[in-house]
Amino acid sequence: MSIRFAVLGAGRIGQVHAKAVSSVNGATLVAIADPVAAAAHHIRDTYGCDIRSIDMILTSDDVDAVIICTPTDTHADLIERFIKAGKAVFCEKPVDLDVARARKVVDTVVAENGLLMVGFQRRFDPDFMALKQAIDEGVIGEVEMVTLTSRDPGAPPVDYIKRSGGIFRDMTIHDFDVARWLLGEEVTSVQAAASVLTDPAIKELGDYDSVNVILMTASGKQCTINNTRRATYGYDQRIEVHGSKGSVSAENHRESRIEIANGAGYTRPPLLNFFMSRYTAAYANEIASFVDAIANGTPTKTTGMDGLKALELADAALKSAQTGQAVSLA
Amino acid sequence: MSIRFAVLGAGRIGQVHAKAVSSVNGATLVAIADPVAAAAHHIRDTYGCDIRSIDMILTSDDVDAVIICTPTDTHADLIERFIKAGKAVFCEKPVDLDVARARKVVDTVVAENGLLMVGFQRRFDPDFMALKQAIDEGVIGEVEMVTLTSRDPGAPPVDYIKRSGGIFRDMTIHDFDVARWLLGEEVTSVQAAASVLTDPAIKELGDYDSVNVILMTASGKQCTINNTRRATYGYDQRIEVHGSKGSVSAENHRESRIEIANGAGYTRPPLLNFFMSRYTAAYANEIASFVDAIANGTPTKTTGMDGLKALELADAALKSAQTGQAVSLA
Amino acid sequence: MSIRFAVLGAGRIGQVHAKAVSSVNGATLVAIADPVAAAAHHIRDTYGCDIRSIDMILTSDDVDAVIICTPTDTHADLIERFIKAGKAVFCEKPVDLDVARARKVVDTVVAENGLLMVGFQRRFDPDFMALKQAIDEGVIGEVEMVTLTSRDPGAPPVDYIKRSGGIFRDMTIHDFDVARWLLGEEVTSVQAAASVLTDPAIKELGDYDSVNVILMTASGKQCTINNTRRATYGYDQRIEVHGSKGSVSAENHRESRIEIANGAGYTRPPLLNFFMSRYTAAYANEIASFVDAIANGTPTKTTGMDGLKALELADAALKSAQTGQAVSLA
Amino acid sequence: MSIRFAVLGAGRIGQVHAKAVSSVNGATLVAIADPVAAAAHHIRDTYGCDIRSIDMILTSDDVDAVIICTPTDTHADLIERFIKAGKAVFCEKPVDLDVARARKVVDTVVAENGLLMVGFQRRFDPDFMALKQAIDEGVIGEVEMVTLTSRDPGAPPVDYIKRSGGIFRDMTIHDFDVARWLLGEEVTSVQAAASVLTDPAIKELGDYDSVNVILMTASGKQCTINNTRRATYGYDQRIEVHGSKGSVSAENHRESRIEIANGAGYTRPPLLNFFMSRYTAAYANEIASFVDAIANGTPTKTTGMDGLKALELADAALKSAQTGQAVSLA
């Protein structure tokens, strides 16, 4: 009784998910859809699935679930169509760049009693899961301060940035989700500072490349997020959670575990440089979790509401960075 | 031609400085002043100096310099009196809890052409000096983001907190000074969040125990400061500076360099638990630097103006935490 | 043009290799052989291959290569039979516990112009490969001293030890191979010390659980090996190579990359506790390397001669431990 | 009631001890002796002591204890003379390069009921003391394997090596003492391998620069020692002790605690490069321990017998390296 999948979009993240589906127990890849023939062929040839159009998949009886890896501006419509067609839906973040539109999607999913999972893969990283488990087991007592450091090796192309919704909605959104996950309380106040330090082209687009955010909850728990689009030493992904009884942190992933010592000192390799290699295990765990939810009829671990909440925090942070004022969330 | 010192105040920080004076080349401890006889006797007996009143020291021809370790509310007056008496003055932070009063002190020092050093010992910590040197040598390129983590093992007594001026002026003030030192530009905007998470008594005093601050300079460089009054694992003092070409960080000091491995994992000892043991070398270097400035007629490395600027940042942070608004500094 | 494989033996290491064959590009699992039906069925059902007897596989035209995962005392015969049948052969270490028998196998492979790879998976571990690459690139200059630390979490069952050939042939043999690989010269002298510290039952069998070995090459390069059958903190696998220009080391693999700080100190998780999880990537790389050798007609990276040489070192170490004398190898 | 000291020999180690005596509570530096006037003057001027000849010190009523920092070939005679004169004696290692002569010294000390401390400063290093304390508290259970890594940054001058007694008596002797301290049992068997890898001049002297040693006790505990005269990354001093319940290790001391991250990786500074800076605290603790022993009439923590035992192990190691045979000690 394997769950039968179609993947919409055969780009690089589509390939990651196609591979995950193929290797997870209890899942089968049935179809791939992509207007770019070569991309679709590659997945078909690698995993032995059909190529179908999105419309065909919508009416395919042999497809139980879809994974949406198409451009962001198609997400909301596709989620609604497939949820209404009775398919389980996994969608890469964000649901939509517009909060109102995203909220409507979430409402639709509820109305249709559908199953939607939003792709926040960091929650499925084995190290971050171990960190969360330590917190849940009470090892550090009550959570008080969360410190998130997320730095990209380099900025994406200008064309990508134009359509990205800006750094808060594109990059920090992952940290907003992690913050909510770890704080265990909703955020009630957002302060943010933002500037452009790496590339004037980003400034011309009205976006930022360097941001710091402070989140506060009703009980006074705090979280800081540090983002930059340029880290020469690789893809920097760190979490530290400080609590009443102690702290727990998760360290980065390096290219290898060797160290070289000589007159210049002791040198370990730089970090993995790409989010796909850094989060390989997380992407596989994420799809396995989605398969579990479908198979067992349980809620997904990252819901449409999680996607919406993270987006609201992104909007609040942008507003705070622009006005200098803390933005309150109900 | 040794510089002849008197230490005002024989409390724990007075003892630290008395020891430093006694061990630094080119300095001699001549006198100690303290209304508590036992404390003064202890220093006299340990280092072989006189016991004198503050008024006597003021007119002592055999005293070239004083180190002010008396309660905070006496600092401003004592600095002015000793500067006018022609003595070189080292004063523990803060110059005063009131910005206007501190500014007047700085003006007096300038008018009298006096030599004042304010005790920001972290600039003299060997590791932080090595970090600063790496920055100055261009190792990380242009400084972009500074991250300061300063956590006390536990809150001071309530009586101390009452007279402390609050966490920003008492604890974060050190981080404000380090931030200015490392950013290399004056801060133009301050955002802060603050809450009470460790002890309701602190809330009753109108103070905070958990704060996060974002500083921004005119060119967009940013700094975050994370403070809490409770860290179960010791006195946590970390710096990380991110730049255009790389990052540099300084790690904590542990009780020892051993590690124990067993079924529970790999355990290294907690951090040194007290600012005096953590900054032993920094305190000695600080006094040596003061002696150098006196002997060579050069400016001190941490001036009255540094003390004033840090205090202004503390006031701005407090205001931001209370109002939610970013506070601009000219 | 996929290489078609049969796996002989469906025990735990057989399962590892079956999985590797199934996931490596250019390889196909055709058949599994095991007298235990349940074990064979499990692999058949998981990977969709046939179940065949060893004799059937020997004459199967649709099998290009076999992986021998049967008990040690069957290795030599099976290698010879399959080499003579024209199959490429991968065999788990050791070729045989008897040097003379192993040498005869190596001679047979040469006479038949066969392709034999012996399973020394450590050479294929990504970290150790990175370490070796650094050496080959001259990063540490001339290799002078190799230090190998290999400690098992716990001793195998007494029944296993009885048939194992003793700690030098069963456990240290991996280190002997790594030593030869890293020294880049053949060993000419072996000194060893051995004792029983963890379990008297091991002493009764005439075996050891705690050994140290010193290897020396003709040019004076040295290697030490430290083995014990009990490490409470997990499966300890470290390499350090000291050279004329510097050192390079490879660190252990932990259960996760988190660290917990509290009053007891800073604790990271224990090491992965099992050779299969520690060397998952190595096992996959090893089979990929074998497939490459077959496909390209190139020699295997670990040959029958490597298996023989490691066995000779094991015999020499045992003799040295028993007599206290250094044992010379031609 | 301060213990009054004279230091014999004003070379670099004499200066270290003169400084230690001057700073330790309960000790006073009374006199320095050295045929080189400038060296003696330096210590006199720095610490305000007399300059006296060795013969004068021998009969000085105001000297309770001497610290012998003269050339090795004078140690034995000086110890005997000062012990007979009723002075407490601290002597730098070795007592003598000849075991028989050293044994005679030990006998004399016993016969005279004298107090002799031999300078094995590593036992007084704060980290190694913390490691030893962990062992004594049972944290790792029963000690099974000790691993000592001691590597000098560079070889001493050829003239020094000529008179040094060879690497085992000059360099490894410290490790032999540490081994005995940590094993908690006397060594009964020594195996060693030695070669010359860094400088042919060392070979011409009949000495070695690269050695590995295995020590075994009657109960089967083992210790390995790895020495080389060249480590490009600094003065490498590591200890690891493996026990029935876990392991404990002590890590190196770096020039500072900073780390730089960039495209080349993460780099920490090299190690402290000189035994005096590495063991600054150990030298001070050592003299404080000697002062305690004198003041309290208790045995010294490193005795003449410790010096003798370490020398016997050095001789055994040399013999084993030359013959290839394990050398037994009664």
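Letters A, B, C and D name the chains as they come in the text, with residue numbers starting at 1 for each one.
Quick note on the criterion: a residue touches a chain if its C-beta (ideal position, glycine included) is under 8 Å from a C-beta of that chain, and two chains touch if they have at least 3 such contacts.
Here the structure is a predicted model, which means the values were calculated and not measured.
Of the two chain pairs shown, B-C and C-D, the one joined by more C-beta contacts is C-D. When you average the Cα atoms of each chain and compare centres, the chain farthest from subunit B turns out to be C. Chain centres here are Cα means. That of subunit C falls 41 Å from that of subunit D. Once the centre of each chain is set as its mean CA position, subunit B and subunit C turn out to be 58 Å apart. Residue numbers of subunit A whose C-beta contacts span two or more other chains: 232-233, 245-247, 261-263, 269.
For subunit B in complex with subunit C, the residues that touch the partner chain are 232-233, 254, 261-270. Residues 126-127, 130-131, 134, 139-140, 245-253, 255-263, 269 of subunit D touch subunit B in their complex. In the complex of the two chains, the subunit C residues touching subunit D come out as 142, 144-145, 147, 149, 151, 189, 191-193, 195-198, 210, 212, 214, 216, 220-222, 224, 226, 228, 230-233, 242, 244-247, 324-326.
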